[in-house]
Amino acid sequence: MNALELDQVWKFYGDFPALRQISFELPEGVCLALLGRNGAGKTTLLRILSGLMRPGRGSVRVLGADPRDTMARARIGVLGHGLALYDELSALENLTLFARLYALKDPRGAAGQWLERVGLAASASSLVREFSRGMRQRLAVARAFLHEPELLLLDEPFTALDDRAVTTLQDLLRDAVRQGRTVVLSTHQLREALELATHVALLVRGRLAYYGTRTNEMLEDPAWLYRRYGEAA
Amino acid sequence: MREKTLIAFCTVAAILLAYNLYVMLLVLPDEVSQGPIFRIIFFHVPSAWTAFLGFLAAAVASVLYLVRKDLRYDAFAVAVTEVGLAFAAVTLVTGMIWARIIWGIWWTWDPRLTSMLVCWLLYAGYLMLRHAVEEPTQRARIAAVFSIFASVDVPIVFFSIRWWRTQHPQPVVWGGGSMDPAYWNTLFLNWIPLLLLGAAMAGIRLRQERRQRELEALRRMAHAL
Amino acid sequence: MKAAGTQAETAPRTTARAQPGFLGGAVAIAAKDLRSELRTKEALNASLAFSVVILLLFSFAFDPTAEETRALAGGLLWLVFAFAGALILNRSFARELPNDCLDALIAAPISAPALYLGKAVANWLLLMAVELVSLVVFGIFYNAPWTRRFWPLVGVIALGTWALTVVGTLFSALTVNLRLRELMLPLLVYPVLIPALLAAVQLSGPLALGEPLASDMMVWLRLLAGVDLIFTALALTLAETALVG
Amino acid sequence: MDERNFLYMFYGFLAAWLILAVYVVALAGRERRLQREMENLRRMIEEKQKEAS
């Protein structure tokens, strides 16, 4: 069963086609790096996959179901730009809320367990307002992994991360892929992404310029992909 | 809505209007108790009907947009709402002028006038809401939801305000349909030109929406160069 | 096609997954909203201060006699409730904007109507609290014996407030990412609510002064209940369209 | 009968058509604005294409 199946997907803002004829299938247990310049449609595609937006035309299947299907969304973890944390709630309250929304058997237990895994157990009851950027990032990562999702959708996860946080996130993602989960991450940081990625998709002005497995020469010279396919569209 | 049909609509409307005015002013006798002022009804009531037709069409177009996701329905919805608002304004002003003579006061909380005022506020809110959203697809979705809400609210407004008024009886603008048939004929006959005019205006407004979309496409192309 | 060379176990299904219920989600959202609001108290304080000040000023300005109070009680109360409500309803979805929390809620396995209902119930409870305090202030400054008809009055206020929050929460969701949101919400909500406010004013007038409801007032009760039903049903069906882009 | 009766009937007719006229003028104004913007953009695009070629 494929993690993602997109067929002739278009998305319009008025008459402007943000996504043009996107079609690809992503098997389970792989890591897809979604590359492209700003405005190429990466965020739009991720929002459609995470059920925040409906495609204008074409069909999207996520974990074999419609992205807006509640059961499918229960198995998807989303991490957007904004980290989605409530400043006025404590770290534990934030995680417990989402654990309850994801209908986990023991919300507080799962929340506490994940706070330890990201090293925030000490400040479990302090408000997120007092957290540093790194601590917020780790809490947001905990929120995305909390319900053991089978599919992870991460929008530029490495931005504004200090190097220690980058390595912890890379380890988490590597474990996830090893456990058979599927990861889709959109990013500019080519090196960090390409090290993890098994598949690469390059979006140029809303069109899928390249989709396929990551080859070694991409790893040696990340800019090769942009040169080779960048202006093709 | 090509140029030809617009012109055809307007000419037919003009001819009918001329005939109606002739009948209204010269043929029909004064209404026994109200005198010549009564003739305002021939514009007041058909305008109200046209306005409500516009709001109903807007609600249908909004539902169709949410189902089909085609921006043409959204353009139609805004065109008919704007024309509906214009005719609602006509209804309000003619009603007030009529009330000025019959009770000597500019505004009475008469059920129909008040309800029309509330409807006017509702759909003025609709246009204001559209104005606040730039992105066309989002604007169409938000406006469609509000238009459906407003159209469901219109009948409720009418019932509640009529009950409000019957509890505190007040002079009513029209005592019901006790007019003799000659008036009824002219009333309906005069509705046709107003409908044709409304349709023509909506056609022009619709064409402007389409041109606005072309304009935005051109603007994008200009930026792309 | 698993990553080559590493032995990949299947994704652990350890976390038992209960069926995310409609009510469970709505309750979680409502609880979160109430906890957030009670902790920061931004909207609550503003709304409470607003209604108390208006009641005071009105009393200074008009110094109504007992007779005048009977005439204006219903109208004054609901004028204060409507504007105090706008302050709370504006905050309802504005609270989700920092850190894009709304996206996480919409992506969570909770249906849009459940999310909307959770928000509406939280707003309703907050507004009811503000209204009860305002009633006490009203009772003192206008020496209105409202406690005599306590439960009918609270019942009417509950119905009227539900109409206000049902429409207000949906329009707050609709206009959440518009720049003129604070101005837009009242201008959109009040015309739609005129029938409900009309009924609430008619019913609260006598009740706030301890008088029983005359039999012909029952039509307003039916209208208010009808409007609540219609708007709740309409809002629940349109919630998905309002929240998902 | 109020002697201004006839006069107000005339005001009524006048007001009705005045409002419709105001709306038509607004429509025409918008039409002209759209037309002008369309021409400016076309001219701009032609100039840019000339520069590009």
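All chains are identified by letter, namely A, B, C and D, in their written order; residue positions are counted from 1 within each chain.
One rule holds in what follows: contacts are C-beta pairs under 8 Å (C-beta built on N, C-alpha and C of every residue); 3 or more make two chains touch, one makes a residue touch a chain.
The structure presented is a predicted model; accordingly, all values stated were derived computationally and were not measured.
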item: Interface ranked first by C-beta contact pairs; value: A-C
item: Farthest-lying chain, centroid of Cα atoms versus that of subunit D; value: A
item: Inter-centroid spacing, subunit B versus subunit A (mean Cα positions, whole Å); value: 49
item: Approximate Å spacing (C-alpha centroids) for the pair subunit B, subunit C; value: 32
item: Subunit A-subunit C separation of Cα centroids, rounded to whole Å; value: 35
item: Rounded Å distance, subunit C centre to subunit D centre (Cα mean); value: 42
item: Residues of subunit B engaged with two or more neighbouring chains; value: 137
item: All touching chain pairs, where touch follows the definition stated at the start; value: A-B, A-C, B-C, B-D
item: Residue numbers on subunit B that touch subunit D, as the complex places them; value: 35-37, 39-40, 43-44, 47, 82-83, 86-87, 89-90, 93-94, 97-98, 100-101, 104, 197, 201, 204-205, 208, 211-212, 214-215, 218-219, 221-222, 225
item: Interface residues, subunit C side, partner subunit B - complex; value: 167, 170-171, 174-175, 178-180, 184, 187-188, 191-192, 194-195, 198-199, 202, 216, 219-220, 223, 226-227, 230, 234, 238, 241-242, 245
item: Residue numbers on subunit D that touch subunit B, as the complex places them; value: 1-2, 4-6, 8-9, 11-13, 15-16, 19-20, 23-24, 27, 30-31, 34, 37-38, 41-42, 44-45, 48-49, 52
item: In the complex with subunit A, residue positions of subunit C that touch it; value: 1-3, 6, 8-21, 24-25, 28-29, 32, 35-36, 39-40, 98-101, 103-111, 240, 244-245
item: Subunit B partner contacts - residues on subunit A that touch it in the complex; value: 12-16, 56
